[in-house]
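Order as written gives the chain letters A, B, C, D, E and F; numbering starts at 1 within each chain.
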């Protein structure tokens, strides 16, 4: 996705071809896309935008459903804040860091200045060859931006101080995500090396996942989670809410991946719908097999993670792999995510919602899968990309979390954690009038 | 809906006319739809696809909200699995059973082979006269497919073994639904006879409803439901969840019916939006009148069923009846559904969510209503279609359920049913930390 | 928004310009929009329609989440009824009152007759210059209509009789809203005076808000709310539900504002997406600042209100203010809404969900903001519009509520209020099987 | 407080399986009991909880849901009511629960102020 | 355990209407009670439940929500506190509830180990 | 009812902090207690609730969540078990709770009909 301007021209070559084939009106097709095509492309990109927007509700529901009732207000507050902070900071600096036009430090860093400016042609057919306007470009990208920080939110839930989390989020979403993004989608060094990440298995999900890992390490586990050498299961409090979350994320993914085509190209967008849906479905089946096999009973939360695993897995290559490969990628992601959740728990890394397993583990898998299932892409280059994003994101997240910890502390007090962050941080209950146990 | 290739040509005749009327560019319109028209048509069909997708969340919410808290995880698990199984099996066999191209046994059965293959022209304007690509065709139809099985899920909830239900679902969605569908949308014998079912009052909803009826008969009622000759009301546990479900279903119906136009034709799609919305609204009012009249107080679950009743009722004729007829069809559906729920309960058929009343009773009503309110369609032919689908679907569902029962049993044990399928089948609670009564 | 026929021509001038610029096909552009442009415009308007539809679920979730568990069924019932009544009455009279074509009493009142009739050209490119069909026009407007009544629902929740509320709603949505609307969007006197309200800060939100205020005054506060001169906080029972509601409202606003462009014009629709999103995000930050400052802890319900405040605030000018102005408008709305909630509570006006603050206070702010931030509009004219709508809506709502009170009473009995309207009005519980406290 | 009331009453507390509540209530009603109070409780006893796996980690549910029925009765009825409860709550499986009996010194009906057995 | 404690204390158990809890707690506070424990219970008594229709089928709600207030007090306070509770919980309607009084043998404050009346 | 049972048993009622339940249950198990019953309650005592602001209006949470543990035991065990509970439930902070002891006249195991100490 993303108008890493070089690649978008390549991408649209296929569209151009189509124009040529549609002989009768080739006459004016030579002169660029029609205003009709501009309008339909742009309309599709705006539809994709609102679909990505609704993913933030998906994250809020999934994260709160998978944690305890006493921390629900806090989680909802974080998720509402993250999208808001993300949109505003992306308008001020993020967009221009991610798509700097010209890089100032190698192909690693560039900045096109503060604030938004469509310029003279920003909202004409000239801006992106009739694919979308400048405003559309910005708002579609902006909806993506907060995602990375929201992924972190799930992993550090139920124990992180609100203020400290918001400070981390602001820095991560305003600076780290867009700088990392510029390397590929902004046309930076990884793009030039041939690294491929269609819609962000690495650029969005792994970047979020590495941040989650850093946070989990620095925060430590929830009270009692690994007491006396035993692993204590802490059950999520609202399975319908978690399920709503996952379906909304799946829904949003039609925009996340479908919009990353960056036009309404009938063939590509519909192919992406098919690969995305089938990978998600296969992810459910993979996780069902693994969880029914490993645990004695099939675990709902595992198949929910499984569908997301399939989605994250297909995200890097949704437009370049075959439909059969998509199912295989999804199914394997479903198997992997179950193993990863169990492994990470055994490693005493406390990730209440499985964010690291879904977004980091399967983000890596999906990115590498492009090198395996697409003849046009190199496994080694994919591996270099994965590693580069890993080193940068993890280090950046670690440093920010570390700094925040030094400045203000990361964890709430023991009593607050025990009675819940809702009362502690917000003075509210999520379910006033319900009798809660424990 | 559905490219029952014959009828889609007829349908698009109106579009072609439009082209002719728009004089200035008629020159190239003669050569078939433009790439712009292809793109906007295809984009609309993809929007309709994600709308139908979200209906699966609607079903999950409605079904779990209308049943007891202790069976919630099980229901969410079933619904997440059904859409996943549905998508995968539809890719392997369903699509090619439903749209076989050529029939091999009379006009009753055909199979175009395993797996997906767009062929050379599948993603060009040539595939469906510029209305959509092969991939779009597949994924839109695939989203429909799982619906029939999901309808069954609601009726057999709170007592069916997970494995047995999944076995039934796989067979029903992979084989029965597409074979039945081929008779009309695949261009089979009922299509040739002039039977009309625009978006599936019969092909989707009644097929699901007949399956539900077979399941309910073979399973028997929930423990205590009809003890001592009295009918015990077993209240649903989460009305906001049920309401979310119904609104999401209504939302999805804009794609279910709107997408069944099979193009973005402005007149037809907008007409379908109007008939669909007004029928749903009238269904609410019909059910409100009936339930306020019959019961002493207006029952929320009845008006929720009422809106679905209106939607199911209008589905067969949404593009061929007048707006006033749509309101009448919806209102009557709202009355009927209340009567049907009460009647079915008195017949000691235990359908926790009213699936049979909504989908079967109102599916039949809607199909027959086409014969009543559309001058172009014959009541008798509609009746033949209703009967044919009834015999085939009910028999097929009965046989599958019977086979599964013989092989593995259908019902969970009494103790499991009493303490809930969540703990029994999944070892989980849906609302950990909440104090539940009963 | 709205085809106040005069202004829509002006609006589309920009589109026309675009056509002229796209030289090669200017030849046929002269002859009006192409069927492709008609199709994409109409498709976008239908997408906007289903987005506005889902706002009704948003209202249902927000309102029930912010009130007590024992009144949930009642609230869900009201919201499901309001959209249904709204759609049906709008088909019969509302649409033709709001867009009368010719006015019969000054520029204040006109009525084009009962029922819907597309006429000969209603579904051709001629109806609205290729922007949408008659059916689309109707259904998009109809989805708006019920909004005003739903706003009232939140403010009078937890104590109003079901029948009385439905009576009020029917009259308000069938008569008052469309008559008021005709003054501006129907091309009436305020339109001719130059009053500007893009998508309804005043025409929808304030009209609803004034109704809410009248209802709250005539009903009085909930039992115990202002006992012994102290203000008792009555907490909402389901914060995830309220949050779902707000995100769905935000989602729907992409259609509410984006659809009010009344075409798929790439520049305008994308600009509106940007201003709308950034205003909502800024509203969250404004409310966060205010609530963290004034209260000791950051209040989730306040930032939820804050996002809606930003959305209501930007609605009047989403297409005519700059992106920076949009953020400022949203941020100020976020501050204002917190102050307004507290002020209204201190004035002993009991508004359980903050409807008056969100829709009336911020509706006024947004309407005036157009006069401040858009050079093309006059602050004084905006003020006149605000005042005119205030006088008319408040008086009308007061009279209707007063009449209903005289005829049937407005409030449920004390015992019913105490044990909840769910059992009292509906004989049902929203959360059967859950242990509730209080 | 009235004198005759003193020492004449007993509190019967039964811990039973939740789904037996209807039976017990019916049986007590038939035996003439006019009031009782019910509480949801969790029990720990010979009937063990169970172990489940959630996301790969084991957890044990130590407590079993139970219903506590409390009824204050006239001394003379105690024996027969204990039998009634026992009979109606019995399934024969482990975890059927217990019945406890203790003295109740006084009872007052709030509405009327009546005391002693008359207040029950 | 300390001796003086024995037999000097009583447990007052009141079953009241939920919305009267605040009144009762205030009244008890004013009378010097420093601690009490509250449980949500369901009552069956002269105040009947009600019959509703759900989806066309009747069902009866047999139990009415009630609050149980338990307070352990010095023997001497019993009579006045029973009156206090009765007065503050009374609405005059059926279902106002009951007050029961029984002996409490011993009380210990966990934090300090204090026993008897001193522990209350 | 069997005679030996009479007066030989006591009911120990402990009001503790919710997160101490596991400790208390473990300690009691180790001391040989085979059954107990747990109820979620709300307490009012020296440990005060707290005041919060919701939408600009103050509200006070007067009650603190507590757990009530009830265990009926043989007379002889009472003293040691009260100590066991006290030790395992103590955090040293205000609100640790109370232990009450009262007489229990009779106990019956529903499943078998066994009575007295044998029923525990």
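Simple rule for what comes next: contacts are C-beta pairs under 8 Å (C-beta built on N, C-alpha and C of every residue); 3 or more make two chains touch, one makes a residue touch a chain.
The structure displayed is predicted, hence computed values, not measured ones.
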Touching both chain C and chain F (chains): A, E
For chain F, the least number of touch steps when starting out from chain D: 1
Candidate from C-E, B-D or B-E with the same interface as C-F, over half of contact pairs in common: B-E
Distance between the centres, which are taken as Cα means, of chain E and chain D, whole angstrom: 17
Whole-Å gap separating chain A and chain E, where each centre is the average of the chain's CA atoms: 54
Inter-chain centre distance, chain A versus chain D - centres from mean C-alpha coordinates, in Å: 54
Of all residues in chain F, the ones touching two or more other chains: 39-40, 52-54, 102-103
Residue list for chain A, restricted to those that touch at least two other chains: 34, 36, 40, 43, 47, 235, 238, 244, 295-297, 299, 301, 427-428, 431, 434-438
Category of the chain touch graph - line, ring, star, complete, other: other
Pairs of chains found to touch, sorted by chain label: A-B, A-C, A-D, A-F, B-C, B-D, B-E, C-E, C-F, D-E, D-F, E-F
Residues on chain F engaged by chain A in the complex (per definition of touch): 18-19, 40, 50, 52-54, 65
Residues of chain A defined as touching chain D within the complex: 231-233, 235, 294-297, 299, 301-302, 338, 341-342, 345, 354
Interfacial residue positions of chain F with respect to chain E in the complex: 10, 14-16, 39-46, 62-63, 66, 68, 79, 82, 85-86, 89-103
Residues of chain D that touch chain A when the two form their complex: 52-59
Interfacial residue positions of chain B with respect to chain C in the complex: 18-19, 21-25, 29, 34, 36-37, 40-41, 43-44, 47, 51, 68-70, 235-240, 243-244, 246-248, 250-251, 254, 258, 264-267, 269-271, 273-274, 277-278, 280-282, 284-285, 288, 295-301, 303-304, 307, 323-324, 327, 431, 434-438
